[in-house]
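Just passing along the structure, written as structure tokens.
Order of writing sets the labels: A, B, C, D and E. Residues in every chain begin at 1.
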Amino acid sequence: MSKIVSLQNIVVGFDGENVLNGLSLDIHDKEFVTFLGPSGCGKTTTLRVIGGFVQPSSGNVFFDGQDITNLPPYKRQVNTVFQKYALFPHLNVYENVAFGLRLKKMDEKEIRSRVLEMLEVVGLKGFERRDTTNLSGGQQQRVAIARGLVNHPRVLLLDEPLGALDLKLRKEMQLELKRLQQAMNITFIYVTHDQEEALTMSDTVVVMKDGNIQQIGSPIDIYNEPENAFVASFIGESNIIDGIMLRDFCVEFAGNEFTCVDKGFAHNELVQVVIRPEDIQVVPAIQGQLTGVVKEVIFKGVHYEMRVEQAGYEWIIHSTQASAPGELIGMCIGPDEIHIMTRTEG
Amino acid sequence: MSKIVSLQNIVVGFDGENVLNGLSLDIHDKEFVTFLGPSGCGKTTTLRVIGGFVQPSSGNVFFDGQDITNLPPYKRQVNTVFQKYALFPHLNVYENVAFGLRLKKMDEKEIRSRVLEMLEVVGLKGFERRDTTNLSGGQQQRVAIARGLVNHPRVLLLDEPLGALDLKLRKEMQLELKRLQQAMNITFIYVTHDQEEALTMSDTVVVMKDGNIQQIGSPIDIYNEPENAFVASFIGESNIIDGIMLRDFCVEFAGNEFTCVDKGFAHNELVQVVIRPEDIQVVPAIQGQLTGVVKEVIFKGVHYEMRVEQAGYEWIIHSTQASAPGELIGMCIGPDEIHIMTRTEG
Amino acid sequence: MKKQHLAALQKVYLCLIFSFLYVPIAVMMVFSFNESKSRTLFTGFTLKWYQSLLHNEMILEALWLSLVVAFLAATVATILGVMASIGISGMKKRTQGVINTVSYLPVVNPEIITGVSLMMLFVVYVNVAHWLNSNPSVPGFLKFLPENIFGFGTLLIAHITFCVPYVIFNVAPKLRRMDVRMYEAALDLGCNPRQAFFKVVLPELMPAILSAFLISLTYSIDDFIISYFSCGTLQTLPIAIYSMTRKKVSPEINALSTIMFVAILCIILVSNALESRSYRKKRIKE
Amino acid sequence: FAAEDKIQVTEDISVSADYDWTRFKGQNVSLNVYNWGLYISDGSDESVDVISAFEELTGIKINYTTFDTNESMYAKLKSGGASYDVIFPSDYMLGKMANEGMLLPLNKENIPNLAGISELYLDKEYDPGNVYSVPYMWCMVGITYNKDMVDEADLEQGWNLLWDPRYTGQILQFNNSRDCFAMALKTLGRSMNPTSTQDIDDALVKLQEQKPLVQAYVMDEVFDKMEGGEAALAPYYTGDGLTMIAENPSLGMFIPEEGTLQCVDAMCIPASSQNQEAAEMFINYMCEVDVALQNTLFVQYTSPVEAVRELLPAELRDSELMYPDPELIERSEYPSVISDELNSAMDMAWSQMKSFDDTGNQWLVPVFLLVAIAMTVFNVWRRRARKKRRQMY
Amino acid sequence: MIKNRKLAAPYLVWMVVFILVPLAIVTYFAFTDKAGNFTLENLMIIGQYSTVFVRSLLLAAEATVICLVLSFPVSYFLSRQRAAKQKIFLMLVMLPMWMNFLLRTYAWMSLLENNGIINRILGFFGIGPFQMIYTSGAVVLGMVYNFLPYMILPLYTAMTKIDNSVIEAAQDLGAGMFKTLTKVLIPLSAPGIATGITMVFVPSVSTFIISRMLGGGSNMLIGDLIELQFLGNSYNYNLGSALSLVLMVIVLLCMSFTNGFDDEDMEGVV
């Protein structure tokens, strides 16, 4: 896969503060890439740099090997689906989608066939003459996508396109977007702050924080092998505990020694241990590697969420069996479930 | 526990159509009750009947045993947290919260102490003089709650108070609301269309559809023992399949006989079978009670979601192990996991 | 129970207020069909005032002038105002405040002051021009200023001057509230900034611009005081009517007003009907 | 009249043939004529349209507009707000304008019809030698009354009738300081033209006394009011009185015996006119017997053109109101041109009478202004401070 | 967005030439005498007209208050109608404004006269006749009638921005009808009230046509006084300018109390 978009040392500042600090990133062709990070971390800004709406104060943007840093938005082979769709309210669905094609002075017949085809792809056949303002959120969403895709961009940028939709619709649209990307066979760059969404849809996830990239990788890598505590806690719920790497394959935390599958750390190196709540087995107190007292039990449908206090640390455990609050339980953690990271600040 | 609010045969119609059709419901004191249902099912209307903003065309509302059907809202010992907060934009945080107390002509000193105390409870200490319009969604939310709670209502009504918040904030606020309800020790009546929210917070869940109550029960009851297909599909993802109850403890569906734990159905009664996606075990094809072809695998972090086709029906399976798309797998379903319902239309 | 009473009360109240608003107009319309010239006694039905209206050149000329001035003034004011709104939106907050405050003056100043002050400006101009033209020590190339300016030009200037602020106050807030992303979306889809303005921003502002235009039209057609001071030898419809109200308003004027009222009502009803029909059509399609 | 020395313009209008009416034909000349409202036979109510006849005759386009008071006409000209070719000021205003150099001396060679005007109306003190003006219409001030509401015997009271409390709320008074003061002075037994501030002060007292009796101060609205029976008494111009009587037979008019004001509305050419010769042609045309006759029939004022009287229908020819007793005319006065000083004193008195409360302190307004400005500044400052405070968060 | 500041240039020039310069000229005249020398006399003379000022301000204030009281419920009811109905009602409110202002006032004359329509109808029932025209009541009526829409529209605009749920929230917290009105509705419609007051008060205080047609010219108002200076017997530009200046200051003063020159608030004004 070739690089299609490449950011090199991008610095963007607003009001004297750097929102992006020398961000570098390569995006491969035909991938579904997701920028994930908390609010204000610079995801939208990165997208706008690619789209051409923000000029970086230093650094370069390459598209297909060419430097496009100074190219205005309307000359880039990139289209954007804006956060709140930004549909043109004075145009109907058809005209919204046809907007970009008309600018290219395309033949009316060709426009017609392409627009109709695209509306069919996004499942809005028969909606051509409708006013965009009367559409539901999901439908507006799809018009916005069609409006971008109909221009056959090499890259489609999507800024939290599902942010305003309710849960059910959101899940549906996630699948549909993924399907679309595969059908059109182009690159999608997608912004979200919802980690579930990122995992569900992406080929590559870029985790950001404060204008820096924390980790780039496939959803499975990111979930199972977070590079630092921030990534671990941002992607799903985690128990993160300070520990000491006694030797290869052996780590001490929570006052106990555990076998693990990691090695290559220095002797007695201070580390952080990540354990996913669903990876902790609840056993009778005497059988547990650790014992703790159940503080709170919340029914979550698929499982119970328990908060268990053990030596001053509150563990989160997901289990299909509920224990009673106040009960003393044992916890077992298999070697595979223990993930070790070098300790970082914050 | 005594009944605090009791609705009897409430009928409400708008434009000649009945939005509530003879709804009856008892709500016990100091409970956290949630109304759950799809959009437009009449949740808000029910809440407004209790609050006094909608006059039922027939039926009665009792509060603490007294008929309050014709009492105007400002005479009811009930306070409401509105969907979009409905804070008074011309008043600052302090004055918003003090609004109800001022109307009671309370001593200024007492007002002050109660407002400050309440702001502390909702975690907004130091925000007294701030304009409400500049607050973030979550903060506005908390002002709205403080404004209701400061009057020491017997019942607090909350209409999708978290609808506008993003996922992370939402989860935090869920826990906070639950904590508040327990701290204040009063009744909360809560409206949502998010089933996860309902399960997490409630003592009792009321599932509604088209102005009728479908099921009332604890979250566990509702999740594990849905009374009909609507409840089952609305609360979490489910596989719902038509089946035939061959005899007690034996049901046939998907072309196979299964043992189950249900009895008391008529011979060969047509039933519906509900199986939760996480309750289906994936086994090698030859060992499976059913076999199917994997269509799609999505990584969801905690588990993989697989869509498996078997004899024309698409099963949803959650599993921690992923199978490859196109693979033939076997599925096993334990007797405990099979839930039988009488077949209903729709 | 109580709510029903309230609803009834509300209806009665609205009826009263609207009849208050419409009684004088009804009187005017009824007496346009009056046989005699009396304004208070209806003596019989006739259409003769409509007939004679068609032959009353004074009224028709005044009406024509009013319409021409109103359309021109509203058009120029709208263009000027829209341009100004866009320009102002790019300025600093403080500059904006100053400009808004000054623009406010014609709105909040009594009309008579606006009229008088404009007239005085024109008079000062006339004096300057006169001085230039008649003073022998002024070089000849400076003697080009016309002295007889009062008339159509001054009338138009006056009307534009009091219309522009209404345009700005209608368009500027809309512009400010307009979603920037709409403009960016247009760029994104291949518009250059100029195209983006004409294809997206302008249509988006259109309702506000249209209502600003209508407002200007209304004010301009109805204006009497400001026109009175700046019209020179011309007569707009309100001025003609004013000179009549000092004697006796000819029923022809009632006839004219009735025609205008009916025309406006028709325009409104038709546009409403069209709108609701297209709306319903949309509904049906859904 | 011999047909050959007349040019027939329309059915009703013929003009003298020994005048070159056509010299401006085809030159696109237009005249701005500024006259009183409804003060010319303009074709309405089945009258003869003399203006279009003139246009047809000479090819000169007439741009005809109207004013409602001498003062508004004066203001418009004075301010330079418009340039007219022919205007119709009244006597005192004409004098004032002539004094201020706002009028052009007429070239009488272009107005041969001046010869047809009765001596009675020429060479008056407002324009000695008629250098600037040719009289257009003449009238006197009389009192219109409604026979159903007024006891005929009361008419004996003359001007004092307007101060008779039995007619409280039934009297319409001039909305015009000059005429009001004239009447008040007459009842005090003085000249109708104020000559000193004392005159004005005394008249003011008189008018303030009258104010409670007055229903409204009106000008031309009087037609409507009197014809509609809204009031019992109204002093107004005799010509207009005739019009009113024609509309409503229960009205009558009389001229108080002690004497009254007589008025002339004359045709003049303002200094700013660009077409003096054409304007003079227009004036000459207006003095044609046929034209003057039509105008008199329409306006019902007395035409100074002598030949008109004979052509009028009998009831007008013999009307005391149209052609009053010469002795009465002898006892009457023209409004004179009064000094600026007296004029502004009269204004002050007039607006005092209209606002009828005692006068305020002269420092009131400046002090008020200062306070107002201070408050405004304070207010703006306060708002700004509040905004700033808000932004701190 | 399109930050082309040059576009404002034509208007700025226009603004300076046709708004600021004329006002400067008015100010200049106000402080000079006929010969062009600086003087404060014009302002001093105005002191003697203070009764005219007081009367004008009182009548205008009366009209404004009546307009406010009448419009408040109207605007509220309108703002709570369904969208389609609101549009029709709004049209109904605006439609009279399309009729000539003088003619509407003239029609009131027909209604109010001693032999007018109202007195005739009352006479039919054996009541009256009443003297209605040529009273200060008639003047106030004329002002209320002519300027009512200017009050309704901004109020309505302000009220459409008030969410129903805010009103319900007040009731929910124990506010009855009266308290809801005073503590929530009125404060929240304050911008509309301010604009409305300005839009009614300003023309009321300076009108001379209404007072002439319905007031019979018996009681002079500021508008009459100014008109007298510019178009009437007095013919005194300097005094007229001084009067205008004072009037302008009064109006701006009222404005500065009600309204902070915020163009958002002006939106509803039509």
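We adopt the following convention: a residue touches a chain if its C-beta (ideal position, glycine included) is under 8 Å from a C-beta of that chain, and two chains touch if they have at least 3 such contacts.
Note that the structure is a prediction, hence the values are computed from the model and not measured.
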| item | value |
| --- | --- |
| Touch-network distance, subunit A to subunit E, counted in steps | 2 |
| Which of C-E and B-E has more C-beta contact pairs | C-E |
| Greatest separation from subunit E - chain, by CA centre | A |
| Most distant chain from subunit B, judged by the mean position of its C-alpha atoms | D |
| Mean-CA-position distance for subunit D and subunit C (Å) | 34 |
| Gap in Å, rounded to a whole number, between the CA centres of subunit B and subunit A | 28 |
| Centre-of-Cα separation between subunit C and subunit A, whole angstrom | 55 |
| Overlap residues in subunit E, where contacts from two or more other chains coincide | 113, 115, 230-231, 252 |
| Subunit D: positions in contact with at least two other chains | 79, 228 |
| Residue ranges of subunit D touching subunit E (in the complex, touch as defined) | 69, 71-72, 74-76, 78-79, 169, 175-178, 211, 214-218, 228-230, 343-344, 346-348, 350-352, 354-366, 368-369, 372-373, 375-376, 379-380, 383 |
| In the complex, subunit E residues that touch subunit C | 1-12, 14-15, 17-23, 25-26, 29, 70, 73-74, 77, 84, 87-89, 91-93, 95-111, 113, 115-117, 120, 145, 148-149, 198, 202-203, 205-206, 208-209, 213, 223, 226-227, 230-231, 237, 240-241, 244, 247-248, 251-252, 255, 261-264, 266-267, 269-270 |
| Complex interface listing, subunit C residues touching subunit D | 38-40, 56, 58, 119, 122-123, 126-127, 148, 150-151, 229-235, 243-248 |
| In the complex, subunit A residues that touch subunit C | 51-53, 72-74, 78-80, 82-84, 86-91, 99-100, 103-104, 129-131, 134, 147-148, 151 |
| Interfacial residue positions of subunit E with respect to subunit B in the complex | 163, 165-166, 168-176, 179, 183-184, 187-188, 190 |
